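Letters A, B and C mark the chains as written, and numbering starts fresh at 1 in each.
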Amino acid sequence: MKPILEIENLKTYFFKKEGVVKAVDDISFHINPGEIVGLVGESGSGKTITGFSILGLIDSPGKIVSGNIRFKDMDLQKITPQQMQDIRGNRIAMIFQDPMMTLNPVLRIQTQMIETVKAHNKNISDQDAYTICRDTLGLVGISSPDERMKAYPHQFSGGMRQRVSIAIALLNKPDLIIADEPTTALDVTIQGQVIFEMQKLCKESGTSLLWVTHDLAVVAGITDRICVMYAGRIIEQGATDKIINDPVHPYTQGLIKSVPSKNKKGEKLHQIDGMVPSMFSLPKGCAFEQRCYLRAEQCKEVQPAETKHADGRLYRCLKVGEHS
Amino acid sequence: MNNQTKYELLSKVWSEFSENKVAVIALIFFGIILFVAIFAPLISPTDPYDLATVTIMNSRLPPMEEDFSGNVYWLGTDGAGRDMLSAIFYGLRISLSVGVLSGLFALMVGAFFGISAAYFGGRYETLVMRIVDIQLSFPSILVALIILAAFGKGVEKTIFALVLVQWAYYARTARASALVESRKEYVDAARCLSLGNLRIMISHILPNCIPPLIVVGTLQTAHAISLEATLSFLGLGLPQTEPSLGLLIGNGFEYVHTGDYWISIFPGVALLITIVSINLVGDQLRDMFNPRLKK
Amino acid sequence: MTVYILQRSLQSIVVLFIMSLIVFCGVNLIGDPVYMMISPESEPAEIERTIKEFGFDKPVLEQYWYFLKNVISGDFGRSFVQGIPALPMILERFPATIELAIFSLFISLLFALPLGIYAGLYPERKASRIIMSGSILGFSMPTFWVGIMLIMLFAVKLDWLPSTGRGQLGTFLGIESSLFTLDGLLHILLPAINLALFKLSSVLRLTRAGTREVILQDYIKFAKAKGLPQSRVIGVHLLKNILIPVVTVIGLEFGSLVAFSTVTETVFAWPGAGKLIIDSMYNLDRPVIVAYLIIIVAFFVFLNLIVDILYSFLDPRVRIKGSSE
């Protein structure tokens, strides 16, 4: 089966006055049609930038320095701006992180939804566009959608705003949805609902989903595969159940152990010592070396290349397989 | 602060200021203008108000033309025969003095009310700031007109009007920075120690208000000079005995249609350079002190 | 919302009261109020009669009451210079001033909005820097001097446009204005540009600042991510957000234009209320001065009220109370 999205050796750097930030530093992964892939990492690991890079939304001083982004049969970096515009919100849709600021405060919900439909369906009538929007609102669990359409964003709670964002993403029945922390800003109870609904929608319509988050617990439940990012690189990727149950990279292991539910009652919560290095001064060797229990001299010198594990997953580590 | 830290502070301020080349040039121009204004009687080629030397025979000579006694008037002469260059020098002196003087008074009045409003708070603060808001909702020229209508014309009255127009800007700025400072804990501590209120306000709160006040000061001074010129031009500001640049331009206005352009253009250019240079310096100072623009 | 309107209206009335008090005190305590009604050169008998007639020998509070009564009924006395009632004199000249102010506002917005948005979107470009430097210049040049320069260039030197007076009036939709005739347009062009120039700079800077702030917002990026064309992102999403602070400024700018028209009208001999007040102040025509001041203050208070209401209207966050988070 041919992947719907293929990213090869993507590098997105930010050229600031103080130095170069290698936000995304040589990552490669793919998404198959109908698959749900999780992109996991802490803040600053480069996962949001990855999403923006795919859609060409990197603003100066950022730039995609090298790499390939292939969507279906198109090289997303080589297409014309008009073609990219046709893809955004249409074939690839994005759900942003913060529902508070994503919606324009001075425009009604219906305006912001209908314009998305009309931008990609030139001949549709206002009435039909309205119907599609209203029905989609119902789909994401918003009651009395007709009233809600006329409202302004500030009249909604955070959870509802996020649902609206999700609805907007679904309007044109995209092939791929990039969801950047779609449930992070929500209450725990709402979170569960939204996650369930998104999973259901995707499975029913065959839409691929790239779920970007820092919350390992969330992706563990719904993804087919996981990519773990650290300091701009993917340090482990593979089938979800394998990675969750038997992580090989020390960072992934630390992450899994840190999840509170994995704790026994009364036990101290696990932490990974140290901090993520400053993105302005990444070390020559492995970025995780300082905090790694497997570290050795060679880890300081050489950045690990992507290696294939026996069970099919990929990882970047020189010392995997050895336990201290 | 000892001299060493003062020197360090000044050189830091200067190096930041000089990042903007345009502002530096503006400062130089302003320096020249200040020099001219202060030393006008010494460096002026003639005394344009010495009735003995001024004669109507020389009136309306274009720039660089010789009169019958062989004097060359670089910028020409006006309708009464006065040398434009000298008139401009003296005019700068008056425009600048009135502008700066009114600015200083307005600063003192405004800072007093602004800081005390922030410090004492309560109804006093609400009252003062409400007055400030209402006054600021009227264009300055209108406020000036109201005051001049009530009090009449004249030098002191013009300065008074200018002070009354400007104090509100200073008050608002002073209060904003004083508010930040007043909320700090050491002020509460000082109050507990029964340090005199006046002393607290002057030694502790005032120093922190100075940078934004300087910014407002420069921009307001430019505004005051412009406003005075406008009022004098209209015949409502300074009397004929104190010919500021505005008055010169006003006098030259009647010659516009006859083509004797130099009588109003040159004073206008002098006025323009003064105002623009002060504005540019003030702009740069404002950017320097604005924390939101720090990268 | 209605509560808000009521509150603001009440405030405005209070301000008007206070202003009338100030004007009253200014005249009574500073000058001799008799001379507000009648010229100081009149016969002593005439002065006596006026004092009795207007009750200047009565206690101050009663005088103020008289003053208020007169003001509300529109009686401001007669002009010393022309002898006709002051209020109608001013009102008659107001249309010319308003016409000039509206046209200036139009010109200033026509240039300031697009230039400001451009400078805000592309601050690094050379054109933007030139625009911003130009705005400092526009800000610094005193209106009257610009007016003189304009006359010198366009009227005297090039002889393209007339330099004084108002052109012919035309009628359109029941409104009389010099904008509706070619002659009228030619006459209004220079004074309008003069008046517009000063305010153009401040509107431009505001637009630019607003643009720079709004363009960084998430919802702009989101709009792009939805695949909306750039024209819609700028024209709808950006513009509507910028318009809120700009409209506020425009309202106040309009008031400022009316105030500054005193200068422009004097320079261009434009027969509006502004020129009248300047002439009156010069001639010490007190009734006209007082009438003008009261009217203009009332105008401003009213304008501020309208702007406040308009602002709350435009920003749906103020207009409709949101749900609590």
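By our rule, a residue touches a chain if its C-beta (ideal position, glycine included) is under 8 Å from a C-beta of that chain, and two chains touch if they have at least 3 such contacts.
Being a predicted model, the structure only gives us computed values, none of them experimental.
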| task | Work out which chains are contact partners of both chain B and chain C. | result | none
| said: Let me check something: if the centre of a chain is the mean of its CA atoms, which chain is farthest from chain B? | reply: A
| task | List the centre-to-centre spacing of chain B and chain C in whole Å, with centres computed as mean CA coordinates. | result | 24
| remark: Distance between the CA centroids of chain A and chain B (whole Å) is 57
| Between chain A and chain C, what is the separation of their C-alpha centroids in Å? | 53
| task | State the interface residues of chain C toward chain A in the complex, per the touch definition above. | result | 217-219, 221-229, 232, 236-237, 240-241, 244, 314-317, 320, 322-323, 325
| query | chain C touches which residues of chain A in the complex? | reply | 55, 57, 85-90, 93-94, 96, 98, 101-107, 115-116, 119-120, 152, 154-158, 165, 168
| Contact residues on chain B for chain C in the complex? | 22, 134, 137-139, 141-142, 145-146, 148-152, 222, 226, 229-230, 233-236, 246, 249, 253, 256-257, 259, 261, 264-265, 268, 271-272, 275-276, 279-280, 283
| query | What residues of chain C sit close enough to touch chain B in their complex? | reply | 15, 22-23, 26-27, 30-31, 133, 136-137, 139-145, 148-149, 151-152, 155-156, 163, 252, 255-256, 259-260, 262-263, 266-267, 277-278, 281-282, 289-290, 293, 296-297, 300, 304
